[in-house]
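Some structures are shown below for you to check.
In the two complexes below, chain A is the common chain; its partner is chain B in one and chain C in the other.
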Partner chain A sequence: MDSTSRYLSMEKPNKADHLWRYTPWKKVHPTGDLSEIPPLSPPEISLGIIDGSELPPGIELKRGVFGEPDFSMSSALTNSFLHSSAETSRWTLVVDKGFSSEKPVIIDIKTGDLASVAHISLEIGKMSEFELITRVTGSSEWFGLLRTGQIQDGAVVNDVVIGLLDRGTMLRSDSIEICRDAQVRAGTVSSGSERTKSDLRYIMRETGGNIRVLGSILSAESMHLDHHIEIHHEAPETFSRLSWHSACGGSSRTIGTGMLTIRKGSIGADAAQIFHNLLLSKTAEADSIPELEVMENDVIGCGHGTANGPIDEEQMFYLKARGFDEDDAKRSLIAAFLNSTLSEMGGVDLHEWLVGELTLQLEALNA
Partner chain B sequence: MEENSDARVAVGEYKAGWHDPEESTIRFDFGLSEEVVREISSLKNEPQWMTEVRVKAFKHFSERKMPTWGNMSMLEEIDFDKICYYLRSSESTEKDWEDVPEDIRNTFERLGIPEAEQKWLSGVTAQYESEAVYHSIREDLESQGVIFLDMDSGLREYPDLVKKWFCSVVPYSDNKFSALNTAVWSGGSFIYVPEGVHVEMPVQAYFRINAKNMGQFERTLIIADKGSSIHYVEGCTAPTYSTDSLHSAVVELIALPGSHIRYSTIQNWSANVYNLVTKRGIAHENAKIEWVDGNIGSKLTMKYPAVILKGEGSHAEVISVAYSGAGQHQDAGAKIHHLASNTTSKILSKSISKNGGRGSYRGMVTVSPKADNCKLNVVCDALILDEGSRSDTYPTMEVANPTARCEHEASVSKVSDEQLFYLMSRGHSEEESLAMIVNGFFEPFTRELPMEYAVELNQLMALEMEGSIG
Partner chain C sequence: MSLLEIKDLHAGIDGNEILKGINLKIGPGEIHAIMGRNGSGKTTTANIIMGHPDFEVEKGDVLLEGESLLELEAWERARKGVFLSFQYPQAVPGLQVGNFLRKSVASIRGEGEAKGSGFREGLTAAMEALDIPRSFMSRYVNDGFSGGEKKRFEILQLMLLRPRLAVLDETDSGLDIDGIRTVSEGVNAAIRGTESGALIITHYSRILEHVQPDVVHVLLDGKIVSSGGPELATKLEEKGYEWLKQ
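And then the complex of A and B:
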């Protein structure tokens, strides 16, 4: 069955479905009419190096996706919808075996003003080593991003997606397989869109997979940012960490739901997830659900945690005593809070670039 | 091994698994209908309002779908048409132990109830099938105005008090099983502690299912008036049958300003009992509610003791342990809702899974926008003792106030080789060492129990640990 038929034949989820509890499918569907897959435009997509220099050989963004992606571990509803609607906007990032780049590579997605969608398949070759930024900008009412693919044996990849839409809704779904001994840092920086629903799933089916999933989420005004992250350990000696920091101001709401599964046979698995929420206003709300399912007894350890709180008064006092005014002190502490995950997402160049982007967002929100 | 032999002597191999011959004075046919509901109410000679509540609840139960979360495959196995909803084995609730029918008396004597009453309880209710068969309270408490009755007597003797509070904390429409309980409830405890009275020693209720395919639906309502305190302890057992029984209770606690209610449970149903219970308390200004909840038995338990912190300065604590053995799923947890400022709460959950058992923590903590300066802490620890066992945690935290300080932490691990080595190097066998580690793991729970319960729980756990090695 193709993805269009699959989507149309599926029963649409209600609020009892855990994944859609806080953000119903109707709210993130482009038209709200769940029975249709409306025509969506392809966004403008380009591949480059963040400083504008020439791309080294061994990396290419090709039109089209080969074969039907494996959606067995992902939300059939979201992925069928996005896969079907992205028929004219499918791309494959092909990275050769052993490819290496010192400068971060960027996939720049400009949505323009129209509702648009893109499917990017990641085919990251063995033993490659690089940093990848996927930046989404534009003023469209609705944007959908589907990312699928594999990070193959021994690859070392820092993969950061930064969503900076001026308005509207962003629907994102990742379904990424991490192969033997691959090391991945998967970062998400989210700020801008009025509503975000993302469903990020990482699967380790082979020994030695290693992933750190990091989030820096900044919400203000009436934004509604809902991120669901699943990490599946299906092989021995696999390692994962999920660290998610959300700062919410205005009357915004952030939601972080995590699902960590350790399948039987994942001997020596080591997994942990933590959600930190900084509440900045009386009317903001932060929800966290860090879930854990462990079916193997011989593990290094599996844990999760969540902590919510306001800006620390002592830290504010410290900064104010050193000449910061109220707003500057607050902005600095928010930046530091978000930076603690941001700084883990990649090397110096990537970090500097991300801090620059985040600073612009903070200033815009402050204004 | 010596310790485990002691344990076997003390508690036997699921010591409560025997059953008496079924001798009933009234037994309804299997299945549930409005007629059955009305008949139960009529048999008890209840006021009209209660009959109406029962019928409304029955309609809600009939229309409401089964939960779409939790262990749905186990829930689907429940056949509501093959359950007996009312069975009375004794003509009345006796105040004198000698007046209880002999076979029932023997059952509770084997469970140690009268002995415990003499030693360390302020009062006892013993429920057998659908009705309380024995009930007593110390005279000095009675003279201070403490009401401790089975729920049916409570409704008869204090109808206004019951009408005021019944369904006020757990409405029948709360969930499918609270609707079922409200429709067919029978037995349970009714307690009222007057203003300023402190009940120093615990009161106890003991629930026993004896018949096959039996449903026990007791209803408990505890009201602690201003500045009072009470500790209520309940225990549950059932025989081991090849067919399943259903226990679906509702417990409502009302802690008025400055009062303190502690509710302790050791649930040791046999492994053929579905234990689907709704327990909730409401705490007014500066009141305190504690749930101390031990889940050792049953086939499937779904139980999430809840506290609504309605009054400023109120406090809630839930301490729970769960042991999941072969074929068992303990889906337990806690819910705390912070609705007022300066409220605090603490949840500590410990679970052990063994022989393919599954332990799940499912919890929810919310802080409402108007609740300033709340503090809450949730800790979940789980041990998986062997291959094929499973542990899950599903915590939800919804915080809508920036002044709240909320923490949640959880870990799943196996028994540390270093701890085992340490104990074995001091002369303990591996099995004994494991039992000691498990008892240590449960210690934050057992220290909150009355001594007799704590000792029995330790022995029970030592017995469950037998055969864990090799």
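And then the complex of A and C:
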């Protein structure tokens, strides 16, 4: 069955469904008519190096995705919808075995003004080593991003998606497999869109997989940013950390739901997830729901936690005693809070670039 | 005119009066010390001078060069030249030391002072004087710092910000003898030979052996009960505080 037929044949989820409890599918669907897959435009997509220098050989963004993606680990509803609607905008990032780049590579997605969608399949070759930024900008009312693929044996990849839409809704779904001994930092930086629904899933089916999932989320005004993150350990000696920081201002709402599973046989697995929420106003709301399913007894560790709170008044006083005025101190503490995860997403160049992007967002929100 | 004048200061927190009428004058270029037991009001005095919002002034005034500070926010006081070296400096994970220092110097001394070779050279010299490694710059403010590192970092800020009045709240606590000597040299470099002044709050006379105060005050139960020269600190070290109660 192709993805269009699959989506149309599926029963649509109701609010009792864990995944859709906080952001119903009806509010995320581009038209709200759940029985249709409306025509969506392809966004403008380009591949480059963040400083504009020439791409080294061994990396290419090709049109098309080869074969039907494996949706067994993902939400069939979201992924079949996105896959079907992205028929004219499917891409594969092909990274050769052993590829390396000292400077971060960027996939720049410009949505334009129209509702648009893209599917990018990541085929990251063995033992490759690089940093990848996927940046989404534009003014479209709706944008969908489906990312699927594999990070193959021994690859070391920092993979950051930064969503900076001016308005509208962003629906994102990631289904990424991390192969033997691959080391991945999967970062999400989110700010700008009025509504975001992300469903990010990472699976480690082979020994030695290692992933750090990091989020720096900034919401303001009446934004509604909902991120669901699943990390599945299905092999021995696999490692994961989820660290998610959300700063919520105005009357915005952020939701972070985590699902960590350790399947029987994943001996020596080591996993932890933590959500931190910084509440910047009395009307802002942050919900974090970490969940665990541990089927193996012989694990190194498996923990979860969540912490919510306003800006620390003693930190404010410390900065004010050093000459920071009220706004400067507040902005610096928000930036510091988000930077705690941002700085873990990659190396110096990537970090500086991300700080620059986030600073612009903070200044825009402050203005 | 006095650099700092505290006039009949009554202040406290959560409705509890801690300071019960303090009077103090510090002239330009002078270093004063306040000594006292735990709970006598030393840290409250420091917080009131800097403008901590939790503390309430019921009566009296605090003047910097004749201008009342009490209606000013902490950042306004800092920009007028008041500096507090915290007893327990706050950690700010995610805020890099280098960025913090640059922004702080820009706020207090002006944008031009936080740029270029002048800033870098001043920073390098202060770090060398305090034995602070360059790797400090990429760490987060006070995050994971040892007690000694925190105190050295406070004095690094003192040296860079060049305040009119430095209040050092138990800067010597948690430091070993070498640490006290290094920190004291930093205080002397920042204050001695300038028109600035300092108020050193301490339990012990050790730091006062390295930063010779002009006047020592003893604070007991929210009042200054005795003032004198540096010899008063030595006497307190030998005899304790009981004799002052009689």
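Just so we're on the same page, the second predicted complex is superposed on the first by the 367 of 367 C-alpha atoms of A that agree within 3 Å, B and C clash if a C-alpha of one lies under 4 Å from a C-alpha of the other, contacts with A are read in each partner's own complex, and residues count from 1 in each chain.
Assume a contact is a pair of C-beta atoms (placed from the backbone, for glycine too) under 8 Å apart; a residue touches a chain by one contact, two chains touch by 3 or more.
None of these values were measured; they are calculated from a predicted model.
Undergrad: Once chain A of both complexes is superposed, is A:Glu314 in touch with chain B (first), chain C (second), both, or neither?
TA: Only chain C; A:Glu314 stays clear of chain B.
Undergrad: So, does A:Ala16 touch the first partner chain B, the second partner chain C, both, or neither?
TA: It touches chain B, and chain C stays clear.
Undergrad: Identify the partner contact of A:Met295: answer first if only chain B is touched, second if only chain C is, both if each is, neither if none is.
TA: Once the two structures are laid over each other on A, A:Met295 reaches chain B alone.
Undergrad: Determine, under the contact definition given at the top, whether A:Ser332 touches first (chain B), second (chain C), both, or neither.
TA: The second partner, chain C, only.
Undergrad: If you count the residues of chain A that each partner touches, which comes out higher, chain B or chain C?
TA: Of the two chains, more chain A residues are contacted by B.
Undergrad: In the overlaid three-chain picture, which partner chain does A:Gly303 touch, first (chain B) or second (chain C), both, or neither?
TA: A:Gly303 sits against chain B, while chain C stays out of touch.
Undergrad: Regarding the shared-chain residue A:Gly323, is it in contact with chain B (first), chain C (second), both, or neither?
TA: It touches chain C, and chain B stays clear.
Undergrad: Does chain B (first) or chain C (second) touch A:Asp287, or do both, or does neither?
TA: first
Undergrad: Based on the superposed arrangement, let me know which partner A:Ile45 touches: chain B (first), chain C (second), both, or neither?
TA: Touch status of A:Ile45: no partner.
Undergrad: For chain C, which residues count as touching chain A in their complex?
TA: Touching chain A from chain C are residues 50-53, 73-75, 77-79, 83-84, 86, 89-90, 92-96, 100, 103-104, 107-108, 140, 157, 161.
Undergrad: What does chain A use to touch chain C in their complex?
TA: Residue positions touching the partner: 312-315, 317-326, 328-329, 332-333, 335-340, 342-343.
Undergrad: Could you pull out which chain B residues touch chain A in their complex?
TA: These residues of chain B touch chain A: 68-69, 369, 382, 384-414.
Undergrad: Given the complex with chain B, which residues does chain A contribute to the contact?
TA: The contact residues of chain A facing chain B are 16, 18, 264, 277, 279-299, 301-310.
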